[in-house]
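One structure is given here, and the rest of the page talks about it.
Chains here go by letter, A, B, C and D, matching the order in which they are written, and residues are numbered from 1 within each.
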Amino acid sequence: MSAPDYGCAFSLWRDQTPAWRAYTHHPFVEGLRTGSLPRANFLHYLRQDYIFLIHFARAWALAAAKGETLAEIQAASATVQALAHVEMPLHVQICAREGIDAAALEATEEAPANVAYTRYVLESGYSGGFLDLMAALAPCVLGYGEIGLRLKGSGGPYADWINTYAGHDYQGLCRDVGTLIDGALLHRLGPDWASLPRAGHLSQRFATATRLEVGFWQMGLDLR
Amino acid sequence: MSAPDYGCAFSLWRDQTPAWRAYTHHPFVEGLRTGSLPRANFLHYLRQDYIFLIHFARAWALAAAKGETLAEIQAASATVQALAHVEMPLHVQICAREGIDAAALEATEEAPANVAYTRYVLESGYSGGFLDLMAALAPCVLGYGEIGLRLKGSGGPYADWINTYAGHDYQGLCRDVGTLIDGALLHRLGPDWASLPRAGHLSQRFATATRLEVGFWQMGLDLR
Amino acid sequence: MSAPDYGCAFSLWRDQTPAWRAYTHHPFVEGLRTGSLPRANFLHYLRQDYIFLIHFARAWALAAAKGETLAEIQAASATVQALAHVEMPLHVQICAREGIDAAALEATEEAPANVAYTRYVLESGYSGGFLDLMAALAPCVLGYGEIGLRLKGSGGPYADWINTYAGHDYQGLCRDVGTLIDGALLHRLGPDWASLPRAGHLSQRFATATRLEVGFWQMGLDLR
Amino acid sequence: MSAPDYGCAFSLWRDQTPAWRAYTHHPFVEGLRTGSLPRANFLHYLRQDYIFLIHFARAWALAAAKGETLAEIQAASATVQALAHVEMPLHVQICAREGIDAAALEATEEAPANVAYTRYVLESGYSGGFLDLMAALAPCVLGYGEIGLRLKGSGGPYADWINTYAGHDYQGLCRDVGTLIDGALLHRLGPDWASLPRAGHLSQRFATATRLEVGFWQMGLDLR
């Protein structure tokens, strides 16, 4: 499958990332597609994903703090707002429907694979700057978009999950984030950014984050 | 004037801050109250305030990044959102009405007093934690609320400005921020937080930030 | 084995950490003690440890940046200096003796378990403050001290490694770090800090970091 | 006077900074040169400089935390170490000789101009990355070097101060820092970095920091 059109940087970074296919075609993802993923694994994933979302919202807030233009601050702020006031309450509802109440969610012990990815993202942002944060966030935001598109129409027990990421709203978000990233690169590094050493460092961040996403799916499969 | 009811921490910190009166009764403020403040000074203040608001939004975004509970993240996120998507566009409009267009705003050179306060706030947040950030932000958020209340009904050329901060929405925000701060202290330091060394450090942050706010008004008066 | 005397906070946090024994008695550690650890596993560990040391030095540098007293800044600075100018060149030498040259070291791909622990430490420091950083660093610094003491005199192929951590210098460092932590707690939270909610959060950090250290040994064992 | 040879970036940034002459030829500096600066102003400066040095050491520690190569971490670490273990104790001694004891130093209230510069530097580092930090630190480190060279041999009551910055050691440090900056730019942005938008942002940081240095001298003159 060719890359969805989420901008130039995504297209480049994706091509330079050996683990991209292992991430987007992980057995966990295939289990979502075919419906063969056991419920227990999905619920384990959902609980970890709640913790993930908290740190993900924090990472987007850090992006707003590190934005260098009003447009960057506004875009990042809108994402935090959507995560904290829409996605997370929705996630709590979905979990409740599956029999995981708020107290159980809060009591979830964070899995090492979850720590690895979320703290890598946050630390990229704290130690580096806005671009480092974007490169570390991109595999998650845009990878889920690509997975959603590929799994679209699969039906089965995980159709709701698939439709969320295949849907119009999420795909629009992916295109917006792609635009934000390309604009941020242009603003800082100019039109020939891909030829600079910095481009290699950012691609590395994207690749490392992708490897950690593979670990996140694997955690779901291993129930650890 | 007694402290408005913006919570326990505000009340305590305010009482321990020698410069509080110099800040809230600064000649610039008195000029807003009586209407004697020259227009040029107000416009200079407005231009600097635009830059201030950018860094202020960034500081609240940092607070969201450093929040330890979903409620803290949500509260900080809502403030960033209001600043970036409501306050700042409104500020741009007000400036336009006064003949300062967007290009002029963007071209404003940041005054040293502006740098001093905004970077003190941000650095408090980066080097310390959520509480340090709150203590450094509080003189601005809550001080403007107190000034608004005191100047309420003054009329004159600055009535719009006064009514913004005296108004129902802003006073509600002040009470919410007061509640956020008291809750954050309780969550981290327990009910007897005021007796801990940390309380003295936070009060110091509030006092230093207040001194820098005095400098911000003075900048408006000196047109530098 | 009772806790070595590395101060009050260590003693408390250690007792509250279920994974402490799994960390300090991990099969990798037992393999070092009995000499049964295959060389390949040790070399894998050494290569990852080089990357670890870089981030560890960065974490101590962050501690210096976040120190609130001259003594804290000096203590953290001396540790960075020792890591960057003594430990790391020494590590490069040891690796060279084992046939891993500098280029091979630099080319090592960071293992997920390495990312998890190092980024957790750094992010604790960036998002929290000095105390959070100390709580996240402590399992490594002081745990290696405890392991060194327990393995002291074991002999065998890993005697050099054991003697480094059992030795006078490293044990002195552990006591100094314990004193630094206890002093930092007293300076911020007063003598009854253990009764505050913050104490629970810090103990949690120590416990999470310990779980990630278990993962680090396991990485050495699994050669992944 | 032409720029001393502290590397390419310094030479470029210096040329693009209108306030450079106002900084390096400030009346305070001229008072040091001719000996006409009143003692009280020098002592006021010395007391503020003590607080400055603490934050300066913290900023270099942050640079070590943000270094991307072992060489960057080592260079920054050596600077922190020199500041915390040599410069600061020396500064305390000098102050003591002038009748300002350690307690008086600690009790000094930080002047707003001091807050402005130090927090600008630290926040540049936290919000941006290593390069932003270097651009904000450079006017201080390298400007003092240039001033020292220009004032060399002036004699008078401030000869000790002048000789410190004109001396072999400090001039060597300036060349090393210049090399560190040029290397960091090359490592991240490649040989044509000066043509990138990022170059403009960094030059802006250098210029803003220079304006804040002017304010620091002015504080010494105004005794505020």
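The definition used in the following text is that a contact is a pair of C-beta atoms (placed from the backbone, for glycine too) under 8 Å apart; a residue touches a chain by one contact, two chains touch by 3 or more.
Just so you know, these numbers come straight off a predicted model, no measurement behind them.
Taken over every residue number at the interface, the positions common to chain B and chain C amount to over half, indicating a same-residue contact. Chain A and chain C have Cα centroids separated by 30 Å.
The geometric centre of chain B is 41 Å away from that of chain C, both derived from CA atoms.
One simple way to say how far apart two chains are is to compare their mean CA positions; for chain C and chain D this gives 34 Å.
Residue positions 58, 65-66, 122, 126-127 of chain C each touch two or more of the other chains. Chain contacts here are complete: no pair of chains fails to touch. Put simply, chain C touches chain D in their complex at residues 54, 57-59, 61-67, 70, 73-74, 76-78, 80-81, 84-85, 88, 122. By the touch rule above, chain C contacts chain B in their complex via residues 65-66, 68, 126-129, 132, 186-190, 195-198, 201. Residue ranges on chain A touching chain C, taken from their complex, read 58, 110, 112-113, 115-116, 119-120, 122-123, 126-127, 208, 211-212, 215.
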